């Protein structure tokens, strides 16, 4: 297999395409409008028939300069924009920002607000993993798991809508707390949903996770060894599937996570190699079960009294140049905000390090020698979300 | 067909041999039946398009089309009208002539099969003595249409779909053909009606339970037919998550609908062939073909309708199974698809043919072995179906999807 | 290990090249010279006690006042579960630094992003292309003095503000109140008509 020439400094995407075309291989532009690229991403696929030589991800179609916007907004005013960083897991993106600014301010959030945050984030994590697992099954060709997953996600959306009035971009967290306390009846409804959902998870596994064809497609596909996963800075379920026991919630505990008993599922190579695509899928399915566990403990332990907002100055002003770094476990893994305070009411620099961005970097290496159908499975198994890559 | 017409005319009190224009009557009757059959093909395909969407919707806890007509039944008419009225786009860079003509190749290959598909005891356009050969040969025209459409679209996605399809259909024709040879050997004829007549109405008289090789042959045939019909798990040529839409990516309007007409019509063909070759076709339990032939008058018509209903029922069960598989299983990969065909199905089908040859000699020497094997296989089949149903019921109970979230949630 | 211990180990190896541990508000960092960055990074990764196997984040900050562009490296060690931060100050006119892609593969895309948005040249990077912006985009959006080009391939990058001409409700109320007080103060016969007219005009503006 002849690898592509290493591009030089003055390389452009057009030049990459031209070189593929003159190399005698087929250039396939997979995207930006393609059913299974999970958003607007383009893959320059250098292929010889069904077998790919290389797939080069081209991102940026959803670049909205959210980091630049962060320099223009007030700290509280930036909260709705963080929803848009990752609209599948908007709660966690909210929490990362809130925690970064809270670290700058040095305030502690009331206990009940932390529980509200945890409930919202874990619900959101389940809904995100449902989307991921469902679309992955659909990319493998099984259409039915997708509506099943979305049906359950609708219930979660209903719950979150009762909580904060929005179904996708929540804007629920505030710096120093949450916008609203839990509505009446919410805890009962959550309990009912959990009873229902844990059974559905079993059914979901029966339908797709342990399906013979599904296993045949995904086992041994694009395995990522632990060292490579760390080297490429994979995070979250992708990293854990490779056998690295690391979960920000457990290892760098924040919020009220130390008070809960839960496991971070690690890929075991149950049907193939450790860190293959099936392991990544399985990790997400298992994480949903763990989130259910956390939610049940939340319901049991949540303090009945207490405010939902800490004392936060109406106008947040910070000494110029102070900086803070926050790490939270979003559904796509370790999400990090790096904030440098500006002179006025807004930040000087915001940098958002997201899981999907680094996950995209590894596709080029993993895709060599795979088949086109495998590329689709690989993208889905890494669970990349286009807005989170581009920000 | 001719005999049937003759008997009808005789019933009316005339002798067809004395008529000078008998040949024209035959011709007209042929024309009318062909017209009906071709329309039947198109209309079943249309109805299946509705049925498939309803089945899929039910399986995915959705609603599905339910606005046009009762239960949305007329949806396929509305879709046909829409597709007819849509602009027929031809890409600028496409090979205009091939692009336009490709869907017709598929339609021809598909409609010709109906010529020797039996529907009931007498209802068949032409009971050819090379029926199975004819069906296998004519089906191959479809792959020509697919390659033409993929190549002429001048799109890489279409080309991928077309090449995949060609590889797949040509490969799977071998195990399918060999598997169909087993009923042919057992019946000693290639005629579809002849094969049905050689079986019986009761399950233990069907060829599927005749011997182990025939059971395996049925499975091989069913898998290969799924592959030839581009149905999941073999829908690689139009894998919409990989190839956008495969060979029909660039088509629109009526030409686009031809591709889907063929796909849904193929479901009838593969299911009808399965029930013809392995499941006793239109045979009515307890009524031997000879008795059937001897029936006259109203009873004959009644028996005819009953045989039609039995045939349609068996076929529709298979159609449902095909839909069911499609909405349950993931898609396999190209290399796995080829592996499966050449490493497993082809050797197995050849071995099956050899086994049946030996088996026929054994049964000829000791007929009771054949009877025991038939009854045993039938019992095993019934047991399998029962266990499957019980397991499904248990799964449904475990999940308890009766919970209603819609009311006051 | 704590920040201090890591810093001491680094200083022990590289001496004066490692700047003092800045007591920033939350996370301490050390400033190092650009020329040594690859050597330091390799040491950070290879030293068995430090074992920084992951480059967690790579960002850059534009400081026009100091005439500097700062590159910030966040390291994390999965083996030892500790982190460290390094900063490198570059000249704003021609920011260039050696790529650490050879040390951590994750640096590939992170450096491409900073090259694209901040205009930092990473020498030795294998595939330094624009990543977010189109190939022929002019300027580096995250710089503080960045001016967007008015159009790109005849596509305008600005659009009309649909809110122009509207008055905020509180400003409108303030205006009305001011007009009312002006009327009260004027207390003349001819005066009252004028502020009313103003208020009416303002109201019309709002309703537009």
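Worth a mention:
As written, the chain order gives the labels A, B and C, with residue 1 at the start of each chain.
Basically, a residue touches a chain if its C-beta (ideal position, glycine included) is under 8 Å from a C-beta of that chain, and two chains touch if they have at least 3 such contacts.
What you are looking at is a predicted structure, and each value in this text was computed from that prediction instead of being measured.
The chain occupying the central position, as judged from C-alpha centroids, is A.
Distance from the centre of chain C peaks at B, each centre being the average of the chain's Cα atoms.
The centroid of the Cα atoms in chain A and the matching centroid in chain B are 45 Å apart. A separation of 64 Å divides the Cα centre of chain B from that of chain C.
Chain A and chain C have Cα centroids lying 23 Å from one another. None of the residues of chain C touches two or more other chains.
Residues of chain B found to touch two or more other chains are absent.
Contact residues of chain C toward chain A in the complex are 24-27, 53-57, 59, 61-62, 72, 74, 78, 81, 85, 104-106, 108-110, 113, 117, 125-136, 141-142.
Residue ranges of chain A in contact with chain C, taken from their complex: 6-7, 9, 11-14, 16, 59-60, 63, 65, 67-68, 103-104, 227-228, 230-233, 244, 246, 251, 319, 322-325, 334, 336, 338, 340, 348-349, 351, 353, 357-358, 360-362, 365, 390. Of all the residues in chain A, the ones that touch chain B in their complex are 26, 28, 34-36, 49-50, 137-144, 146-148, 151, 155, 158, 189, 196, 199-200, 202-203, 206-208, 211, 213-214, 216-217, 371-374, 376.
Residues of chain B touching chain A in their complex: 56, 59-62, 156, 160, 163-164, 232-233, 235-236, 239-244, 327-336, 395, 398-401, 403, 405, 409.
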